[in-house]
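Read through the structures below before going on.
Each of the next two complexes has chain A plus one other chain: chain B in the first, chain C in the second.
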Partner chain A sequence: MAELIVYGIVLGSIIALGAIGITLVYGIVRMANFAHGEFMTWAAYLALFIVTVVLPWLGVPDSTFGPLSFGWRMLIAFPVTMVAVAFIAIFFDRLLYKKLRFKKSSAVILAMSSLGVSFILRMIILIVWGADYRFFRPGVMRPALELPLGIKIRPDQIFILTVALVLVVLLYLFLQKTKMGKAMRATADNTELALISGIDTEGIVMWTWGIGGGLAAAAGILYGIDVQIHPGMGWNFVIPLFAAAILGGIGNMYGAFVGGLVIGVAEQVSTAFLLPTYKLAVAFMIMILILFIRPQGIFGGSEK
Partner chain B sequence: MEWGGVTAYLVSLVIMASIYGVFCLGLNIQWGYTGLFNIGIAGFFCVGAYTSAMITRPMPSGILANYVHQLFGLNMPFVFGLLGAAVVCGVVAFIIGIPTLRLDEDYLAIATLGIAETFRLIFNNERWLANGPQGLMGLPQPLSSWVSGRQYDYVYLVIVLIVMVLVYLLIEKGIRSPWGRVLRAIREDEISASASGKDVFRFKMQSLVFGSMVMGIGGALYAHYTKAISPDVFTPLYGTFIIWVMLMAGGSGNNKGALLGAYVIWGIWIGSDFMMDMLPDVIRDKGPYLRFLLVGILLEIILIYRPQGILGEEKKVSIMAD
Partner chain C sequence: MTILKAENITAGYTELDILQDVHLKVEPNQIVSIIGPNGAGKSTLLKSIFGILKPREGHIFLKSEEITGLKPNKVARKGISYVPQVSNVFPSLTIQENMEMGAFIRTDDFSKRIDEVYDLFPTLREKRRQKAGQLSGGQRQMVAMGRALMLDPLLLLLDEPSAGLAPLLVSTIFEKIVEINQTGVAMAIVEQNAKEALKMADYGYVLAMGRNVLDDTGEALLDNEEVGRLYLGG
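Right after this comes the complex of A and B.
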């Protein structure tokens, strides 16, 4: 059981990175982004492409770091992919969502547009890469470390937790200390007031997509390192991501982080009683339960 | 292909388009007239199909019982299958509606999406319920003792068209009544509808349940047409996404538009299959993905350039005014 909780925290930190993006976009751009999971998928495949094609061609050696399952190639691919997916997110905002916003389309039309984007993105992956499962590094399973309480944890998983934590701390500092971060929080709180105060909301929207996309990219790559890469991975994350965002109070990024951990732990612990394929249904049930008891989430959301 | 083959093909095309038409009519009640954002149509599709299958099938007996499991088998006529599918889908919609209809539209979307995925998981994993991933085969077809073989499709076409027209007339009647006006008032401005003393939650719930019941009937019609159902049929792509594109293309808030959209998009969908045959082998393997990519792009174009669809919403005049 202790081991399942630890694995749950690992999965939860991946969900949290995605859920923060969902909640930021919901709070600032005012739309439910159903294509968020697809950013994760794209990140995993982009990183795979960089690690297996681009970097070998550039002559970066294929060595690994001690007990970890990856080396310099992954460390280079990681930030490059985050930036690339951030730009993909901004690109779709400019191409579609911005037009819809300017036409004063309702929030539901924006959400529907994102649903269309999610199918478009997934189909491109299927056309280019096919439907097979893939791995960053096939074969070798690294030996696990033994922790107290009989918990076995792979060094990769410690890496995942560390990266997730560092990214969340960086986001916290960005939102609290920088001018752009403060403007983002102000816009999330009250868009009209932010506009009146002279905040460039379209600029904020671009930053929001960039940050959301970048964090989703990190989540996608980390999931790829931990488990595997396949075209449906992002879509399977949509329900847990929204469940985490709603649990933490939609619009509240710290809530989304905690919500992600809760959902991750609940999903992993449920595998002790249920088939692992039901993980998604567990996330969904928690979400429905929260909607019944406390729809504004545990910590309350941003004002709408 | 000789002429008999062509007409048989056209008949099967019209049957499927009409079944999708029923789904579009159901979605039109929810989205077109009330503004409810249901993206879990596949869930109602799935439940409707399985319910009707189990109502009309006998319980497997003898050796077959070792291989085919199902929760119940009532061996009742087709009409009871349709009605049962509608009732069960209505109950499911009611349960989803309770926590979500008081909140923002997006919550209903997420909840319906979740319920659709959950149903697919349950039907896939629980063999005792409806035979797991193998699904149910050899579903009975109404009036199949009259005509046999390929000619039967003509009979089923008539049945589907009758059901579709009945559903259409029922919705038209509802939508032109005071009840329909309240739904549209809610869609346009929830706060003023509620300020006029309308119980918004109650009307939204009625719309959600009514629309989902229609979707259940659509699922039943599909099940008895293909005679075989399994969980992998009810994917978000075939079960939800394409129906949304149909309704948006035809014109939401217009029942004729909903039906037109179903026929046009299904025509394009089948037509694009023929086009794929002309492409070189390398690309043809990717055919289904390529076609869905095009449907996705079509949806984005409609949303930006023609959100009202081909027909747009027609002006509704009360039946009293005639």
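Right after this comes the complex of A and C.
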């Protein structure tokens, strides 16, 4: 059981990175982005392309770091992919959502168009890479570390937890300490007043997409390192991501982080009693329960 | 030089014109109160000046520069600050952060300005680490005005600053408004509390049904029998 909880925290930290993006986009752009999972998928394939094609071509050696299953190639691909996906997220906003916003389209129209984007993004992956499961580095199995309580954890998983934590801390510092971060929170609080204060709210929307996309990219790559890469991976994350965001109070970034961990642990622990294929149903059940009992989320959402 | 001159403003939402051919002028250091019954278009006038609403016709000048149809963030840069009637603070931000957001477009060091604002509202200095959403109505109104003052505006537009406040607080807020005015900020104030608003005003405008009805000095309007009967409750 202790081991399942640890695996749950690993999965939960990945969910948290995605859920923070969902909640930021919802709070500032005011739309439910169903294509958020596809940012994860795209990031995984983009990183795969960089690791297996671009970097070998550039002559970056295929090393691995000690007990980890990857080396320099991945460390280079990781930030590059985050930036690339950030721009992809901004690109779709300019191409589509911005125009719908300016036409004062309803929340449903925006959500449905993001669903359309999600299909397009997934199909492009299927056309280019096919439906096979892939790995960043096939055939490498690193021995797991033995922790007390009979917990076995792979070095890769410790890396995943560390990266997720560092990214969340960086985001926290950005939102609390920088002028742009404070303006983001102000825009989420009261867009009209932000505009009145001279804040370029469209610029804030771009930052939001960039940060949301970048974090989703990190989540996608980390999942690829932990499990595997396949075209449906991001889509399968949509329900856990929304469950985590709603659990934490949609719009509340810190809530989304905690919500992510809770959903991750709940999904993993459920495998002790249920078939693993029911993991998604567990996330969905939690989401429905929260919507029934406490729709504003466990942290009460934003203070109004 | 006249701070603000609005001429022949016709504006409204969608098809409906709420304002018809309205004019307004604010001279330096003046408090100008705009009174009139509900639905007279008072708030719409402020929104048109600040660019939240694009006037269909008419011209608005800030000093000698035309600002008609500029977006709010541009108008703010030109030197006008606006305090909406409701949702006029960032609730999940601290008071200090609210002030910083008020100064968002400033690129210089504005810590001295924050101090000046806190001198004006000492309660806010004490509570500067508290979230604005946790404050009382009167304190929120102070945060809202403080935020708007961060830009050192030439002109402050206040939309019903006394709305929803307890009578005791209303006089506090009005005192603060006069105090702010004495620091050299011209003001245009929309108020339901017409009598009080005219008392502190150098000049007043009466609007009804989206049109100018009367304008004169605050005193003259207070003495005007018709204004008294129609808008000041006898």
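Here is the rule we use: the second predicted complex is superposed on the first by the 302 of 304 C-alpha atoms of A that agree within 3 Å, B and C clash if a C-alpha of one lies under 4 Å from a C-alpha of the other, contacts with A are read in each partner's own complex, and residues count from 1 in each chain.
Quick note on the criterion: a residue touches a chain if its C-beta (ideal position, glycine included) is under 8 Å from a C-beta of that chain, and two chains touch if they have at least 3 such contacts.
What you see is a predicted model; the values in this text were computed from it and never measured.
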Fit-or-clash call for chain B and chain C when the two complexes are aligned on chain A: fit
Chain B versus chain C as contact partner of A:S63, first or second or both or neither: neither
First, second, both or neither for A:M123, with chain B first and chain C second: first
Touching partner for A:P295 - first (chain B), second (chain C), both, neither: first
Inter-centroid angle chain B-chain A-chain C after superposition on A [Cα, multiple of 10°]: 90
Which of chain B and chain C A:K99 touches, first, second, both or neither: first
Chain B versus chain C as contact partner of A:M287, first or second or both or neither: first
Partner touching more residues of chain A, whether chain B or chain C: B
Partner chain(s) touched by A:V238 [first = chain B, second = chain C, both, neither]: first
Shortest span in Å between Cα atoms of chain B and of chain C, once chain A is used as the common reference: 16
Residues of chain A contacting chain B in one complex and chain C in the other: 304
Chain A contact footprint on chain C (complex, rising order): 50, 52, 71-73, 76-77, 82, 84, 87-93, 97, 100-102, 104-105, 131, 133-134, 147, 151
Interface residues, chain B side, partner chain A - complex: 35, 37, 39, 98-100, 102-107, 109-111, 113-115, 117-118, 121-122, 124-125, 236-237, 241, 244, 248, 286, 289-290, 292-293, 295-297, 299-300, 303-304, 307
Contact footprint of chain C on chain A as seen in their complex: 179, 182-183, 185-186, 188-190, 192-200, 302-304
Residues of chain A touching chain B in the complex: 26, 32, 34, 96, 99-100, 103, 105, 107-109, 111-113, 115-117, 119-120, 123-124, 126-127, 235, 238-239, 242, 246, 275, 277-278, 280-281, 284, 287-288, 291-292, 295, 304
